[in-house]
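Each chain carries a letter (A, B, C, D and E) given by its place in the written order, and its residues are counted from 1.
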């Protein structure tokens, strides 16, 4: 999984019929020390994540293993909201 | 998903038999501030996207989850046309 | 899908039994303006592509969705020969 | 698979219901000479790996082939703890 | 598929139970002119490849399509030993 932060929303009225109700969030990739990268993924939300929150997202077919994304043309899902990152050297 | 813009079409008469009728669009990758990247993907269209439109595309096995791409040798599908990108800091 | 050009062949006598008869072509990645990249993928051919031809190839599990690649340990397939690339600004 | 070293833990209380009990470890990617890269993946543990240990992780749908990750929205799993890396020239 | 050369072995006693008997080989990525890249993948062997041999490996779910890797948490498999690379301009 990749660690990121929700930094926006993508609005799309015209979409594949299987995507009705899906919420597309912009996730900026972050390093483990919580410094931002200049890289972004658009992911569907399965946990009620809001702007500014640090999250984990899963990509590929694994992104379709939640109730919200099953059988949908979706390749990234936010599946956890991060409380804390505990780094050891 | 990746945000992009439709910048052309690839024409192919000779293709795998499962691909009859598929439309191959060129999608240039874009940043979240809608500045272009020097990176391109060829994707099948499932939403009637036209040249110049900003779109989302899904990659990998998720690209086969639309009516237009089911069971086809296709690894990228345009599944939404973007109305607006709402960035928060 | 990625746009490329067939620039060679890889010969392998000793291979997984499921790969009997598979033809491994070298595909050089190309930009949309048909300038070459310094990047290569080895793909199985499903359309009779020959050296010098511009092609599209699909990667990942989607590469197993042709008659020639079904259930085989193959992660890239040439699924179309390109007639023309039509770029719009 | 990619070789890495466990360098921390990500804590997440709010997560997809399928992820109850999953442990998210931070894996820093390493080179084959065991020098570190500046790249990280968050992976679920299936072998009881601890901080400081060198491990292998598998990504994509293959990450769902363990007892601990089956049918879960998880795209990386630690599936082996490394005893030794034997490099030949 | 990616072209590489076997340059070592990774030993792991403690591994997911589905991995009993799997042999983890280190594959250095090579260019088509057989010059080495500074990039490595750990792959399971399905063809009896030995140190120094040039091989092809398949990644992702396709890596699970051999007898040796079926249903296992493995994302890369060596599926062919290369006899010759025939480059055309």
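Please note the rule applied: contacts are C-beta pairs under 8 Å (C-beta built on N, C-alpha and C of every residue); 3 or more make two chains touch, one makes a residue touch a chain.
Note that this is a predicted model, so its numbers are computed, not measured.
Minimum number of contact steps separating chain A from chain E: 2.
Between chain C and chain D the centroid-to-centroid distance comes to 31 Å (mean Cα coordinates, whole Å). A straight line joining the Cα centres of chain B and chain C is 19 Å long.
Annotation for chain A: residues touching 2 or more other chains are 60-61, 63.
From chain D, with the walk directed at chain E, the chains encountered around the ring are D, E, C, B, A. Touching chain D in their complex are the following residues of chain A: 1-3, 31-32, 46-48, 56, 58-63, 65-67, 69, 77, 79-89. Chain contact summary for the complex, chain C toward chain E: residues 7-19, 24, 26, 40-43, 51-52, 60-61, 63-64, 71-76.
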